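Dumping the structure here so I can ask a few things about it.
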């Protein structure tokens, strides 16, 4: 499979072969996606919907088909799929578009301590705008959600619960089905951050009963600058258009504007057609492998890495041990070496990992993680055991140097 | 030059050669831009800033260089350049990020009747949120701004004036320097919509003294999904971060969040690096031609088309006659034929134009334009006189058929 | 002629030039306004019912040849139909346009729009009046 | 060794292992906290002035080898300098790091960071403490 990804044959200036283990940050693109983008600009490109000529028709059809492909991929209806620029914009769109008109001072908003900043700060800021309660659910020592505490914190005043299906810090798969039940029993809505889960496991919005789901194209083989907001049909009534402008209006008068129907009403301005068709092409590639197989593959690499690293001196591994709670992310620290220095030594060995707070300061603070930072190796479809071996060797190199 | 643009050699299924005259909607991409994008995904792609490895470094350097290129192109400082997903998002970012915290009930917001919906609706909605006055400046009969009325409408209560430097409906170049003076004398801020002007003429933010300027990559040879918000340094104090999340924070605590410095604080989430470097590559191409030359080229095609069409029976041309008020957009109607049908006949002749309201209903309503819609042919760097000849011939064909 | 006659068939051009039932009813039971937001086409439809039947209907509007001809044809074929028949007719028409399905029943003049499904950008034009009718009788 | 010794020079490793002036001052005139938001490195810097001179300074913080060593070196070279000299020294250091400029003056141990400008992702690490000082004496 590596040969489908041109970048994976990169050799660093120092002669080392690239081993890309930073997939939770962004994934590499197969040739089919890269070529789909080129083909778009070489033979289809026009503005969408409003230009009734040959190219405009090509583009509009491709864009609509991309929406259908995304809808099918997550088991949603077409009208429930809104294209955005990424997970962060999707979540802000819910916070402003649904939160602002529907949340008031007496309400409560609940997030998990393990949320990514993009699924934490927008809710915190919404709570600040509304002067309402903002509850952060504590974690167990292994970084999983403390479900007892979560169930205690939710009340009839809770309006919104935000939760990632998979965390980016430790790669923990949260029990969203169970959370969803509790949320709906209490009359709140569930907003799921799928930035990590959608690329790595099967997604069925009806099964998990999410009211909103967000994810990013670039983390699942697609191009940058495209993301998705899934909004359950029932929510479309109460979801206010957030960005306004061309393409989302029905009629503009001096005093007032009427808006188009969903999904158009939520897509102001020229959409990123390139991004949408690139994402659709990525989905085609993923579907061919099968999302079940992807999860299994990630887990097998995780288990292999975990079993090798757990006995390595000075190495601390974060997160739960149970494989069913995890996907392909190994988060660790080496005693006495700051993760940035770990990353630098690994990089000199050709190995690309991420170091730092991973946009997840609350969990690092809560678990009192050394340096308030970690190293993180994250696997994807094109990684194999030899990549893990290279990682382990490089960790030994880091230990020797520091 | 046409050979730099692969799509321009398209032959339609009916055997007609493509003549692309829908450039005000979106432009085609030169091979250099298409290949820059492929190259990025084939050998540089990573997440920006936070991934300290070989690819992360490549990507970060390319992204920063793209910002420098954009800054230089409009004579701004690097910190004043914020990447967005397009003009529409840029304008919304000002309306929410500057408008909401700085406008109150007693204030006034002024826009021109000729604004694009993306530079009209966000201001109208802001005024509605704030319950403040929303003034729409009337036009002269030729669609230019009535400057006497504009100067009468502005008062010491005016907070924001929004104006396109070039309109997309008729391609009129507005006197922003003069408007800017009046706006600042009255203590208001000037928000310039550069979606049409930045691609077609030299831009110097210091010269025009804009407080904010927005534009889109896709209208200037760049990819879709990338845009720019220029914010004058003085405005950064009062411009609140609008989208929140990863990458724009300084420190996240449960109770509060501190934000990073500009421009990072305004770029939440994984940025569209592909888009930014694609735009930088487009700017390189444009710079080689020279923006002065581009304006001159567009005007020469406009004059040629205007002189041919003005004597054609049944054809109505919109907008001022003075060439110094125009760039390469010819807006017209044919008596008795709806512009959609005009576009369909032209399309069958291989000619791509746009028909409809061009996201500019207010001007069409104000000028009582037939059908509340027009046909619009818009030229760009790769068009030539033979394209205009083909347009004129196809107009005759439409007249024969209807 | 050429491939354009696919789109602008004789019958369509005739209805466009001489729209039937164009205007306002003196007496009507239901009035529907609808716009096609992407292109700006507008229609206003008035209907007079009698005994669960469409006794009379008229339209006014602004739009391209396809949307005006389609409205004209629609009013012509609908006049006199029962509400149930009209609904069925609408469904058949919309399936023909959107999916290219050959209609089971005789759609009369409305059949001339069968080529439209090959022109995805014009589907909304051809269906606007029919959507307005659907809304009026739902 | 290999190219990594470019980045982690002996002197840097030494300062990282044994940071100088690490801790808190009993008495200080100015305290500055600074974070590198992209990677989370933090520094807290305390300074005691006397006669327009930096009489004493100490730091605490958390960060990578580069940022900690750079803070340690900075405190060492700055102790005893006049505010004016310190400002100048800072400017020279930052130009060396950011643009790779060979410093006109003798930057003493601070020169070991001259390779950092080849590592754009580490520039912020190497300059954090110096920015904190700049802010303290501006």
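Before moving on, here are some points about what is shown:
Note that the chains take the letters A, B, C and D in the order they are written out, and that residue 1 is the start of every chain.
We adopt the following convention: a residue touches a chain if its C-beta (ideal position, glycine included) is under 8 Å from a C-beta of that chain, and two chains touch if they have at least 3 such contacts.
All values derive from a computational prediction rather than experimental measurement.
In this assembly, the chain whose C-alpha centre lies farthest from chain A is C.
The interface holding more C-beta pairs in contact, when B-C is weighed against A-C, is B-C.
Mean C-alpha positions place chain A and chain D at a centre distance of 37 Å. Spacing of chain A relative to chain C, judged by their CA centroids, is 45 angstrom. If each chain is reduced to the centroid of its CA atoms, chain A and chain B end up 31 Å from each other. Residue positions of chain D touching 2 or more other chains, listed in rising order: 38-39, 122. Within chain A, the positions touching two or more other chains are listed as 50, 52, 56, 247, 249, 251, 340, 344, 355-356, 361. Partner chain B is touched in their complex by these residues of chain C: 2-4, 7-8, 38-41, 62-66, 68, 122, 125. Partner chain A is touched in their complex by these residues of chain C: 35, 37-39, 119-122. Taken in their complex, chain B has these residues touching chain A: 6-7, 10, 12-13, 18, 20, 22, 25-26, 28-29, 33-35, 37-38, 41-47, 50-56, 85-89, 91-92, 96, 116-122, 124-125, 128, 134, 136, 216, 218, 223-226, 242-247, 249, 251-257, 268-275, 340, 343-344, 346-347, 350-356, 359, 361-362, 365.
Residue ranges of chain B in contact with chain C, taken from their complex: 14, 338-341, 344-345, 348, 355-357, 361, 371-373, 401-402. Residues of chain A touching chain C in their complex: 49-50, 52, 56-57, 60-61, 247, 249-251, 260, 264.
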